[in-house]
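Across the two complexes that follow, chain A remains constant while its partner is chain B and subsequently chain C.
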Partner chain A sequence: MMNKKSMLSTMDPNTVSGVGRVFALLLICIAMGFVSPVFFTARNISLIITNASIMAILGVGLTVTVITCGPDLSVGSILTITAVVAVIMVKANFHFLLSFAVALIVGTSLGLLNGVLVTKIGLPSFISTYGLQWALFGFAYVILKGYVIYNFDADFRFIGNGYLFGHISMPIVVMMVVVFLGWFILRKTTIGRMFYATGANRDAARMSGIDTGKAILLAFGISGFLSALAGIVLVARINACQADIGKNILLPSLATVYMGGTRATGGQGGVFGTLVGAVIMTVVENGMNLLGVPSVWRNAIIGSLIILTVLANIAVSKQLEKAGSKV
Partner chain B sequence: MIPFRSYIQKIQPVFWVTLLLMLVFNFFSSRFLSLHNIINLFQQGAVLLIVAAASTLVILSEGLDLSLGSVLTLSGITSVMSVNSGAPVSVAIGIGILTGLICGAITGTLISIFHMQPFIATLGIQGVYYGISLVLTDSVAILTKNSSFIFFGSRIGYLPMAALIGVGAFLLILLVFHKTPFGRYIVAIGGNESGTRLSGVNTRFWKWFLYTFAGGVTGFAGVLLASRLEAADPIVGVGWEFDAIAATILGGTSFQKGKGGVAGTALGVLLITVVRNGLNVIRTPSILQPALIGTILIIAIVIQVGLSMRSTKKEGKNKP
Partner chain C sequence: MEGVHTLLEMQGITKVFPGVRALDSVNFELRAGEVHVLLGENGAGKSTLMKVLAGAYEPEAGKIFIDGKEVKIQGPSHAQELGIGIVYQEFNLVPYLSVAENVFIENFPRTRIGLIDHEQMHRAANELLCSLGMQVDTHALIHQLSTAQQQMVEVAKALKHKSRILILDEPTSSLTEREIEQLFSTIRELKRKGMGIIYISHRMQELWEVGDRVTVLRDGKYIGTRSLKETTPDELVTMMVGREVSFLFKRDFQTPGEEVLRLEGVSSTVHRLQNIHLTLRKGEIVGLAGLVGSGRTELARTIFGLEPISEGKIYLFGREIHHSSPSLMVQRGVALLPEDRKNQGLALILSVAENIVMASLERLFPRKYIHKQKEKQIVAQYIKNLRIVTPNQNRQVQFLSGGNQQKVVLGKWLCTEADIFIFDEPTRGIDVNAKAEIHEFMNELVKKGAAILMISSELPEVLGMSDRIYVMRERKIVAELSHEEASQEVVIRYATAADYASQTAGCVE
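After this line comes the complex of A and B, so read on.
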């Protein structure tokens, strides 16, 4: 006979926590519905999903780096500098596709630079990426000089506020492509296995013949590319860009990844969790807005959310280990 | 701890880079090496000297504290708020230090009791401390006119109080590091944590104590900064944690295996202060400065770490 506990222990641990996460999201939504009458309006729901898309695009890149060797703390600054590059170019009458391409190349290069600092110079990722962000925010400020650039062409804005086939919002389309590709690379390719192996135990991975340096370089490259993509979608959506556009995005995007169940210690996690995490994060931010929580509280709330999530993740993995060892 | 001689060798490049930068700045503006500006340098570097010493202790234990900038901010705010509400200056200073201690104790609890990774715990808690700073001040700087509070940041003739206090505090931390069991445990934990625990040291307590100590020290630095600026600003500490980490690395401390020491950090602080002050003295447009400083620091770190990696490789080759 099976009691509840042994049921739990025979299930895949990731499925258990995944179901728990979706359940938590539903609970938060229902609670929000009770507290705020506007929460379940079609307008608000579509707002949440569209905002969550940008968070998820950023989150997928961050997830890959967290799995491989540690979070890319420069995502907010790469998002900023690439968004600035894109809007400057499009305002200088370059074709919008060229400006996207240049922004994506800049983002990928900066990501690769992070990778080189980690693999070739030997800096820990949280120091090189954390350090790089100050320089990048500085350059964004130099380029824009405190001005706000706004009002772009419809072509440029399509990726942020357009609708595919007249109904599906473009950020959602981009997000779905990114999440699918992220899932595919992580789960179905050798590169993905390299990422997980490197994150789980770098020395062991290297000794079993995996090119861990290449894995780290690629992970940061992907993160830089997706930060740039998220930046483009973001400025296209809000139709304006300033030098601090990405300054407050690091904490929520980190929260997104950890709420998605990706382990802070690396080697475990996935993009679907991040997607759910992005929706939870957006619902929380949306909830703070609807409830009129003063914006000064925002950082404190998101910071505590990160800590609570990581603490919960640690507790859950300990429980699962215990349950696993009993079988 | 690494032998003194190789330690000196390790921090050599920073010394030469600093000297070179000083000459370059002096070439562009002869005011740079004037007595007045050198005193300025000491005054400006004083607060960073204290924070960086705290950061070095944490990094020596193979930890990291990204919340120091926010602790600096928050403790400055609580001390200025209490002095403005009529508390005696000694009490206000005490409240600032206490704020730092509490912040550090919370961080330490997350890391040593709940086994969170230092950089996540301190990054998350950074958001919380900045959040509290913003809430307390409602996002605007609080000024203070209390003459005995701002005395600690002022000058007596040519004598900058902040520099004296900063150097004094640094020497005290150096003493704690070299002459107490606490200092030895830090290095031991950084070198081999489980080995240290097995040899009977309560590593959990000492790690907790380390973050609490770093918080308290930074709290004191926050009071000093507020006293020098005659104000507490809710965003004054943004980025200080990175300056402190950069100074630590430039001072020859590595993030692995507890290698390095507190003394070298002073050199790192000197380099950073020279860069910040020099860019001002040669009248670099203020809009360019954050980008320039960020880039210079990254390059300096890359050079320092790259060179020390090369020298450790050489050492390895020489050994049979």
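After this line comes the complex of A and C, so read on.
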């Protein structure tokens, strides 16, 4: 007969802690269902996931960079600048698809710029991405000068507020595609392996013939691309854009990555954890809305939640190590 | 030397590590005003003996007397109180702190309210350094100093407790000729003041310049003590080698095939390598012998494209390599098993499977899609063939034993189907059984037509496994020896530059 511990040790550790996380999410949801009758309505669930989607799209990019070499702190600013580019182009009567394409290209290029600063110039990723963040926010203000651009065509807005097959909201569709692709690249391709190896031990990866510079460049490129995508979905959804649109989005998104069990120093983690983390964050926010929790308390609750989740992650992985080291 | 005061006496010192008897009843004696050289091969027990004296290790048996009184050294700070100062080969200095701060880092002089007394600290540091004949601004930062000056700061640090016993571990290994001269005059000055100095060195020629007596250790055993005036390099080499070559594994030697690797006059500014000529052929194991710091690892890294060459040419399978890099070398079939396997050979937090396929991703999955089933089968095959003990493929390698970790590194490179393997200390720190297994795998590899360049500090390993041996000294290759000409004595002679005493066949210079 197999006891619990030896069974744990034969399973992929990522799977075990992932199951634990989903379990926690379910518990929170059931609790919400008890205290608020509207929580489990289709409309509310759809609202939660839609709200989680922007964070999750950014979160996937952040997961990739955290795994490979350190968080891309410029995601909020890339989101902003690409959103600005996209809305200015549609307002100048360019085709909306062309404006999307240009925004995505600009976002990817900015991500690659981060990669070049880190790999070729040798800047710490904290400095290059943090510096780029301020530069891009500055540009956004220079361009928009405090104005709000709003009211876009239905074509443009479809990706943010439309429904696929009449029921599934478009941000959810985009998020699902992004999470699936993120999972596929990380888990099923040699590119993903390069990311993990580079983050786990850059020296060993390099001495195994892995082009670690290319891995870092690619990771930041993906992050830039997804920031632009999140920016497009966001402005399309709220039907307006101003220079501070992405100002407060980095830290919550990064928190979902760590809540999702991705190792802060790289080499371990995945996008499903991040997705669950993003949903937990939004569920709690939504719950506080439904329950009418005074807004002054909300930040304190979110903050404690982040710390508690990460502590739980650490406890679970320690348990796993113990179970494993006995073999 | 009659009637001279005996400062230190160590009797029957024994120190056991799991699986190794590092010191076996070793005796050592130091007089006031003498330089006593401690001589032996890598791993003979010199450093262990000094660490016992410095309080870093507690011996299992043996007695230590200072000034004729028995003492029990409780730890490093106790050793300092007893007047024992040690300067390790690797400096322990903080580069961005000042000279004075480094000297007193373990115990800063304090003012009455508990702040650091900078005035007192700089005055005391200045006095100490002046007494060593060194003039340097005590406010200067360590990283602005030359290596020799940094060493003097280490000496000052070791002497600040009014030490009377000073241990110098390989003090000349990173100094220039002129700096060595300065060091020697400082040593003579300290001797004159009645201090006893224990001097660890491999460099045969300098012993007579600075030393009075010499004690030889071999395999953790005390071999003998001689006055340097009454001994010769030959006698010392014989004492160092002494033992018979008992070897674990019998190689099957064969006629080597075509040339696969060739270095022509390779120099490297980064690693200070000078004019290296080397060839490697199919089906042979070539040993790279030399002392620690002679440039063997650096040469391996340079061949593998980790650092650029400044001069010369490298040919792989007859074609010159330009713009070398590890990824290019792996693609062309070169493997490097680094000495530091935990930091360079393995990603400890990744699984056995992920580590084994790490260097073969492009070869195994050219379409970039990782076929899980294929990966599982391949990994299972290496786990079985190399007899890697792990509960499953998903196990993080950090939980494996040293021998099994080394097998994972080996598996990683076998998986690339490389033709050229560079092994850097392949069996260091692993147990006897795993060692024999690794030798067996190496033998099989060359039988199948691979070529191996093996760096090892264990002479029996080099002598037993190699078809040919290159000996390195001071970043140069100083000899190429065939399996037949090579013996421990000859290799040590070249490695330590004792060859001026008797010319042996096979000299390249």
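Throughout what follows, the second predicted complex is superposed on the first by the 286 of 327 C-alpha atoms of A that agree within 3 Å, B and C clash if a C-alpha of one lies under 4 Å from a C-alpha of the other, contacts with A are read in each partner's own complex, and residues count from 1 in each chain.
Keep this in mind: a residue touches a chain if its C-beta (ideal position, glycine included) is under 8 Å from a C-beta of that chain, and two chains touch if they have at least 3 such contacts.
Bear in mind that the values here come from a model prediction, so they are computed numbers and not experimental data.
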Chain B versus chain C as contact partner of A:Ala300, first or second or both or neither: first
Touched partner set for A:Gly209, first chain B, second chain C, both or neither: second
Partner chain in contact with A:Trp134 - chain B first, chain C second, else both or neither: first
Touching partner for A:Val310 - first (chain B), second (chain C), both, neither: first
Partner contacting more residues of chain A (chain B vs chain C): B
Which of chain B and chain C A:Gly267 touches, first, second, both or neither: second
Touched partner set for A:Leu254, first chain B, second chain C, both or neither: first
Contacts of A:Ala197 with chain B and chain C, given as first, second, both or neither: second
Partner chain(s) touched by A:Leu186 [first = chain B, second = chain C, both, neither]: neither
For the chain A and chain B complex, residues of the former touching the latter: 70, 73, 117, 121-124, 126-128, 130-132, 134-139, 141-142, 145-146, 251, 254, 258, 264-265, 294, 296-304, 306-307, 310-311, 314
Residues on chain C engaged by chain A in the complex (per definition of touch): 304, 306, 326-327, 329-331, 336, 338, 343-350, 354, 357-359, 361-362, 365, 368-370, 391-392, 394-396, 399, 412, 416
Residues of chain B that touch chain A when the two form their complex: 64, 66, 110, 114-117, 119-121, 123-132, 134-135, 138-139, 239, 242, 245-246, 249, 255, 287-295, 297-298, 301-302, 305-306, 309
Touching residues (chain side chain A, partner chain C) in the complex: 9-13, 187-194, 196-197, 200-201, 203-211, 263, 267-268, 321, 324-325, 327
